[in-house]
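One chain, subunit A, links the two complexes that follow: it is found with subunit B in the first and with subunit C in the second.
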Partner chain A sequence: MNLHAVLTILVFSPLLGIVILAFMPKQAEKLIKVVGLLATVPALLIAIAAYLHFQWGKDLADFAVSTSWIQFRGMGGVPEPFFSVNYELGLSGFQLVLVVLTAVVATLSALAAAKFVKKEWKGYFMLFLLLEIGMLGVFTAENLILFFIFFEITLIPTFFLIGKWGYFEKEKAAYSFLIYNGLGSAVLLIVIMILFGKTGTTNIEMLTKIIADPSAPLSGDLKLGLLISLLIAFGVKLPIFPLHSWMLKVHVQAPPSVVMIHSGILLKIGAYGLIRFGMGIFPEQFKTLATLIAILGVVNLLYGAFLAFIQTDFKMVLAYSSISHMGIVLIGLAAMNEAGVQGAIFQVISHGLISALLFFLVGVLYERTDTSLIENLGGIAKGMPIAAGFLLAGAMASLGLPGMSGFVSEFMAFLGLFKELPWIAAVGTIGIIMTAAYLLRAVLGMTYGKAHREFTGVLDLRGVELIPVGVLMLLIVLIGVFPSVLSSPLQTTLETIMLGLGG
Partner chain B sequence: MMENAWLIPLFPLLSFLILLLFGKRLKEASAYVGILLTLASLVFSILVLFERFSEPTYITKFNWLTIGDLHLTAGFEVNQLNALMLFIVSLVSFLVHTYSKGYMNGDERFPVFYAYLGLFTFAMLGLVISPNLLQTYIFWELVGVGSFLLIGFYYYKEEAKAAAKKAFIMTRIGDVGLFIGMILLFWETKSFEYSAIFAAVDAGAISGTMITLTAILIFIGAVGKSGQFPLHTWLPDAMEGPTPVSALIHAATMVAAGVYLVAALFPLFAASKTALLTIAVIGAFTAIFAASIGLVQTDIKRVLAYSTVSQLGYMMLALGSAGYVAGVFHLMTHAFFKALLFLAAGSVIHAVHTQNIEEMGGLWKKLKFTGPLFLIGTLAISGVPLFSGFFSKDEILIAAWEGGHPILFLLALIAAFMTAFYMFRLFFMVFTGEARGDQKHVHESPNNMTYPMILLGVLAVIAGYVNTPWFGSFLGDWLVDGNPALGHGHIEGPIWIMIAATVVSLAGIYFAYMMYYKRSIARNTISGTGDTLHTILLNKYYVDEFYQLTVVAFTKGLSYFLRFIDVFLVEGLVKGVVGIVQGLGRTGSKMQTGQVQTYGAVAFIGLALLAVIFALTGGYLR
Partner chain C sequence: MSLKTLSEFNWSVMTPEFIILGVIALLTLLDLFLPKRVDRRILGWLSIAGIVAAIIALASLLGTEPTSILYDTFTLDMFGKAFKLLLLAGAGLVMFLAVSYDAKDGMEEYRGEFYYLFLTALLGAMFMTSSGDLITLFIGLELLSISSYVLAGIKKHNLQSNESAMKYVINGGISTAITLFGMSYVYGLTGSTNLAEIANKLSAVVDGQQAYLLGIAFLLIFVGLSFKLASAPFHMWAPDVYQGAPTPVTAFLSVVSKTAGFVIVIRILISVFYNAAPSGDGSSILFKMHDYLAFLAAATMIIGNVVALKQTNIKRMFAYSSIAHAGYLLVALTTLSANLIFSVWFYLLAYMLMNLGAFAVIQVVTEKTGSAKIADFAGLYRRSPVLAVTMGILLVSLAGFPGTAGFIGKLNIFVGAFYGEPHYVLASIMIAATVVSYFYYFGVMTQMFFRPARDESKFNLPFGIIVVLIVAVVGSVLFGVAPNIALDFLNKL
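So, the complex of A and B:
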């Protein structure tokens, strides 16, 4: 069977939804929501099919597609064609799990949007579907130009989604998002162009080979410089301290359905880029920076955790918690061994699921009570036992309770780092305690204790709202109990990375 | 049967899942789901235990997680210690399930209570059949959650909320020690399996420093879970949970998990003298420290909580003095008599609706079953001859003496005196004398509460006879089974130790009798109410306050300091970036003057630059 078209269909399937929506009247609220939601389903089904394809023992390379796309004719005296950029999509195990994550969270976020978005549904869903194309493209692109284009495609819809459908300071948050990510993109573009200029290709596999070759036309210093630039470009996205302040605003001001995507998927592009390009293309230089990255990771972990400990708004707690959890990704990567890298990748997926769950619940709470301030919410376990239960379960997942996905990732990341840099890892374990402290403080503050005010007529989770929380919780527990569902696709990717690192 | 031991934890898990999903519809019937499924666990546990008497250890494992070349496994193991623990845990859990049907009757969240009990029992049973450290850690954390949920069961009470949070965080501090120790051991042996770790220790493949370091780190985990000094403060607060929970989790099973962990890893600890000494010192100190606080507390459950801390200290002292059998033996007898004491205390609370012993008194005649049963528990914990606690405590004292710790031995002896004293103080104040509170509606608890207590009462009397200097050391011989790393099955000690233990215990009872029954010695003879010593004890040596002023204050301070950085420095950076962008924009817009001369000049300069570059490089920019 010829599967080369599958990825193209996967990536661009939301386009169909955009086209249909374009021809629909603005007021057809119900229909717009249905179309918007259904438009995310093909990608979800294809992603799941691809996962099953892998689990049935077939080769993911079946999906790879490559056709010539753009060619620059050579200028005077240069062999032609000088530069050529192909349209190349592919799927490794690592990319596969990210695509599945994206498709799942996108569908659930669409469901959340159908619940929580109160105006201009048409525009919202069109932008949202465009965003999904960007995300799916980012994770399947096999060359840097294509990656960059999809990367940019994610920025623009996100900007509008925050700026138009967010809370009170939405414009400020949107601009802050755009400036920071724009600067990150600029740095990324420079790196891509230098690589392109020096090697004549942007294909990731080719680049990896060329750069590993000692006779490559790149000096060691340049490679180190490029890696540091990548660290900055993706560090904005991840985010790495001190490049994080934009994402706090986004977490607080963006609508919950967008934050589900933003925290669940968009931040993960930073991690993906660091692993695939940073570690994948510049393994030698990554090694020289390992200690620095480990320290950055621990700083992120602790900085986020201590600040989350004193926040009054639950959204801010979760925002700082994201910073803290992304520290675990850096910790795992800095270990540069199988355990660490696998831990980092697990953390990417796990945090995607957990933060999507928690932000969905924030959306529910805000819709019912008009607040996300911890002290205003005390004692909601009485009126909303199911929501409170899921909130507590989500917090437990987030603080790394065994039996849930967060533990497996945290455990492997630390397992890896303790082998290489035990002292830095030991400092990092303070984060394990602090995570429990700030999450319990926040979640118990909202759910336990005496109710500060009567939430009369406040409804508990019900109907379709149970689908996102149920699905996400099931996946979190599934990975926690049977981590091999996630680790088996990753083994080849790990081998490749380890090979690059020299064993 | 042993090959099916993995089913034992799954029954309560099933109970948890059923009650979580359908509890609302099942209502009161939830209790039967929980009771029947834990009964199934109990039956299986008994069968497994009996089979383990005659057959060798059963162990099985499968691949759980692949990390490159590393294969982490999960599975289960039935060795002597595990089989014994399975029996203890499933028995106490079954009895508590039964008892709770009466105790929690009428509670709005009755099904939730049973669901949580199921979750905890699952985790605890899973913990005791884990064949490797990682799996132990996984269940170790899960029992913590079960405990957390049940401490916070009355979630609307601020005290319960605070206690639940405190329990989780304080035990987690200990857990991090276990976490680090486990990982360091892994990189030494490339395995989490107990057998592989012991083999490496035996073969001398791990350096002495590393053994000491990892052993002490793992012990920190045990300190947190078992409420040992200095991480003990959560355990008395955990009494905010419903009393059956205190019996199950915070007396008989979970808090003994720390002792179990040290016992399960005993060959590792035994390889380091420093680690053993640390355990012995912490244990002995905790034993006397907690006992002294127990002397003055007035809340019936808190007295029992401090006695639990103190008794766990005894077990640690035993293990630290290389008395493997003594430690495990006391774990078992303590599980029975302490569960009995808590259930009896619950029965008292159920009858008088207060926990303050100053408001009780004279209940002996009104609580016909509870009174004698409480007395049996009190006699057992006080180490009165012929009761179970007597034999196990005697073993510990012998172990401490023979282990060459005369000072720790003395501390343990003083603690034994205190134990007998405060336990009988409790007994006399609750059951004898005049009624000091409103007791019009006092009545004995229903059968489903008294029957479990009666069974525990029988065990509290007879459990000691499995390992005595008179009738043979059946338990010890079986537990050790010729394994040199675990020491001897039974330590022969000098007879004077047994006499000394009996004397101090009877002396404690005598003083309590004179003070609280006869009242011929005034209550403030040793230290008056309002005395410095009394105040210090009443305030539990101000350990909580000390933590508030140091650790908590430091954490908050650091957090606010970091917020300062976040607000001023990091935001400053943002403002800088925004400023640069805006500046560039302004400069750009200023260039748009509309004057053709300026545009012309810019264009000319640009052209000139291009020409120069062309001339220098020969036409192509390399």
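So, the complex of A and C:
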């Protein structure tokens, strides 16, 4: 069976939804929501099918596709293409799990949007579907130019989704998102262009081979410089302290369905880029920077945790918690061993699910009570027992309770770092304690805290709202109990990375 | 020159120019003899027909081998064909804007001139693409410039229009004088005005003093021509002229005139200075002047983008934006990479589409609201979703986001900048300048999509505007997704 077209269909399937939506009347609210939701389903089904394809022991390389796309030629009819960019999509185990994550969170976010978005549904869903194309493309692109193109494609819809459908200070948040990420991608583009200029290719696999070759026309200093630039470019996205201020604004101002996507997937592009390009292409230099990255990770972890502890707005707690959890990704990566890297990737997936869950719940709470301040939400368990239950469960997953996905990832990441840099890891463990402290303070303050108002008459989670929370919770527990659902696709990816690291 | 030699020239290579010339003559006569009550808009449609005919004539010439007539003063080569097509297409779109232009004051009596002056300017630009001689090059340049001066001031009773024409003439005069002064050095050193001959003689220059003179000549010519490009140091006219001139004229200046400017710069740089006065290591004057060019390119990008941030008038903002784009194009010139002509041509194509489209929207909105404030774009999405989304796509292309021609254009330039000997600093400045440009392009977006409208009145789109918008948006997206269509086309020339 020929599977080469599958990825193209997967990535561009939301386009069909955009086209249909474009011809629909603005006022047809229900229909628009249904179409917007259904448009995310093909990608979801294909992603799941690809996952099953893998689990049935078939080769993911079946999906790879490569055709020529742009060819720039020299002057005077030089026959050789001067520069060519191929359209290349592919799927490794790591990419597969990220694609599945993207498809799941996108569908759930569309469901949430049907709930939370109160105006101009047509524009919202068209932009949202464009965003999904960008995200799916980012994770399947096999060359740097294509990656960059999809990466930039995510910026524009996100800008509008924040700026138009967000809360009070939405425009500021949208601008700061655009400029920070624009600068990040500018740095990325310079790196890509230097790599291209030196090696003549942007294909990731070929680049990895060329650069591993000691006769490559790149000096060690240049490679180190490129890796540091990558660290900055993806550090904006991840975000790494001190490049994080834009992300706080986005998490507070953007509509809940967008924050689910943003925190669940867009931030993960930073981690993906660091692992696939930073570690994959420059393993030697990554080793040189390992200590620095470990320190950055611990700083992120502690900074996020301490600031989360003093926030009064639950959204801010979650935003700082995201910074803190991304520190664990860095910690895992800095370990440079199998456990550490696996922990980092697990954390990427796990945090994607957990943050999507928690931000969805915040959205529901805000909608019902018009507040997300911890103090004002005291005693919510009485009015909304189911929501409060899921909130507690989500917090438990986030702080790393065994049996849930957060535990596996944190455990492995720290296990990895303790082997390599025990002192830094030891400092980092303070962060784990802090995580428990700030999450319990916030969640217990809300669920069982002193009630300032009666929550009688406030509707609990119901109907379709139970689908996102249910699905996300299920996946969180599934990964916690059977980590092999994740680790088996990651096996080959990890082996490749370890091979590159020379151990 | 006997009649016999004259008749032996292969005149057919000049067909596009003859068509435009014929249309100009026809229009002048019609304008003179048609009764006053006849709407002069018909002349506009006639000019469009003429331009289309010229494009068809050019298309039939695409397959011909490079031909020179009139003792090498007129050459139709790949370069000439490619850029002529660009000029014709740009001028055609501008004419669509012009026939839809509804001037509020002082235009009624001059409607006829308004159309055929665009054509005379276009004719000048077309001659520049094909000329192989300094004299014809200069005459083409002057024909273009003088027509543009009149066009800028065509709203006779409008103070701003007058001011803009005045500034344009004075600045233009100074810059032309400087260019001419530079050219006189070249003539003095070589004794010829023929570009090929000049190049030939200059490549034999070894004397240090002569090389020094050549360096000065190069700088003078380039600085003078930067007026047409609207790049530093001769960019200051652009904001005032863009603001005061009627919108179709502004569009013409920002696209056709700028393209013509790059045509002449490339002609002179490549054919005259590329191999001039090679020193021991084989590097010519052009390579020695490299740092000056890089400096001017960087200054142009920085000035254009930074000052654009503060503008409140949309036409002024687009003036600075056009300065910034001239800076990006200068980066391509500075790097002198093997894909120089390709990247300049493609960028100008992309720039033509997105800028003319944007000016079409600007024309509609400013005519409706009577002012050109960026704040008057508020709520455009509510008033006219089509206009707002169109403008959105064009702005995204101007900002250089993927999926649009603007991105591919910038990518071309980056590739040139990093290939071979990398220009890290210049390319970094260009990328940083691009990020700065997000601020002002997205500032317009903020107005259109996020802010509430002051009044909810709808827009009527004239036919001409619709044509321009469709061409602009379809072209911007098509060349962004499948740029090879344009690149292959150019390669086959």
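Heads up, the rule we're going with is that the second predicted complex is superposed on the first by the 495 of 503 C-alpha atoms of A that agree within 3 Å, B and C clash if a C-alpha of one lies under 4 Å from a C-alpha of the other, contacts with A are read in each partner's own complex, and residues count from 1 in each chain.
Here, contacts are C-beta pairs under 8 Å (C-beta built on N, C-alpha and C of every residue); 3 or more make two chains touch, one makes a residue touch a chain.
Because the structure is predicted, anything quoted here is derived from the model rather than measured.
Look at subunit A after the overlay: subunit B and subunit C clash there. More residues of subunit A are touched by B (comparison of subunit B with subunit C). Of the two partner chains, subunit B and subunit C are each touched by A:Leu183.
Contact with subunit B, but none with subunit C, is seen for A:Leu415 once the two complexes are overlaid on the shared chain. In the superposition on chain A, contact of A:Trp246 is made with subunit B only, not with subunit C.
Once the two complexes are overlaid on the shared chain, A:Met326 sits clear of subunit B and of subunit C alike.
Residue contacts after overlaying the shared chain place A:Ala339 against subunit B, while subunit C stays out of touching range. By the touch criterion defined above, A:Glu152 reaches subunit C but does not reach subunit B. By the touch criterion stated above, A:Leu494 is placed in contact with subunit B alone, subunit C being left untouched.
Of the two partner chains, subunit C is the only one touched by A:Gly163; subunit B is not.
In the superposition on chain A, A:Ala356 makes contact with neither subunit B nor subunit C.
It is stretch 223-231 of subunit C, out of 115-123, 187-195, 223-231 or 475-483, that runs into subunit B when the two complexes are superposed. Overlap of the subunit B and subunit C interfaces on subunit A comprises residues 75, 77-78, 179, 183. Looking at the complex, you find that subunit A touches subunit B at residues 75-78, 176, 179-180, 183, 241-242, 244-246, 303, 306-307, 309-310, 337-339, 342, 379, 381-382, 396, 401-403, 407-408, 411-412, 414-415, 418-419, 422, 426, 429-430, 432-434, 436-437, 440-441, 444, 447-451, 483-484, 487-488, 491, 494-495, 498. Interface residues of subunit C facing subunit A in the complex, by the touch rule stated above, are 338-343, 396, 401-403, 407-408, 411-412, 414-415, 417-420, 422, 424, 427-428, 431-432, 434-435, 438-439, 442, 445-446, 449-450, 483-484, 487-488, 491. Contact residues of subunit B toward subunit A in the complex are 63-70, 134, 137-139, 141-142, 145, 152, 155-158, 160-161, 164-165, 168-169, 172-173, 175-176, 179-180, 183-184, 186-187, 555-556, 558-560, 562-563, 566, 569-571, 573-574, 577-578, 581, 619-620.
Interface residues of subunit A, counted against subunit C in their complex, comprise 69-75, 77-78, 82-83, 145, 148-150, 152-153, 155-156, 159-160, 163-164, 170-171, 175, 178-179, 182-183, 186, 189-190, 193-194, 196-197.
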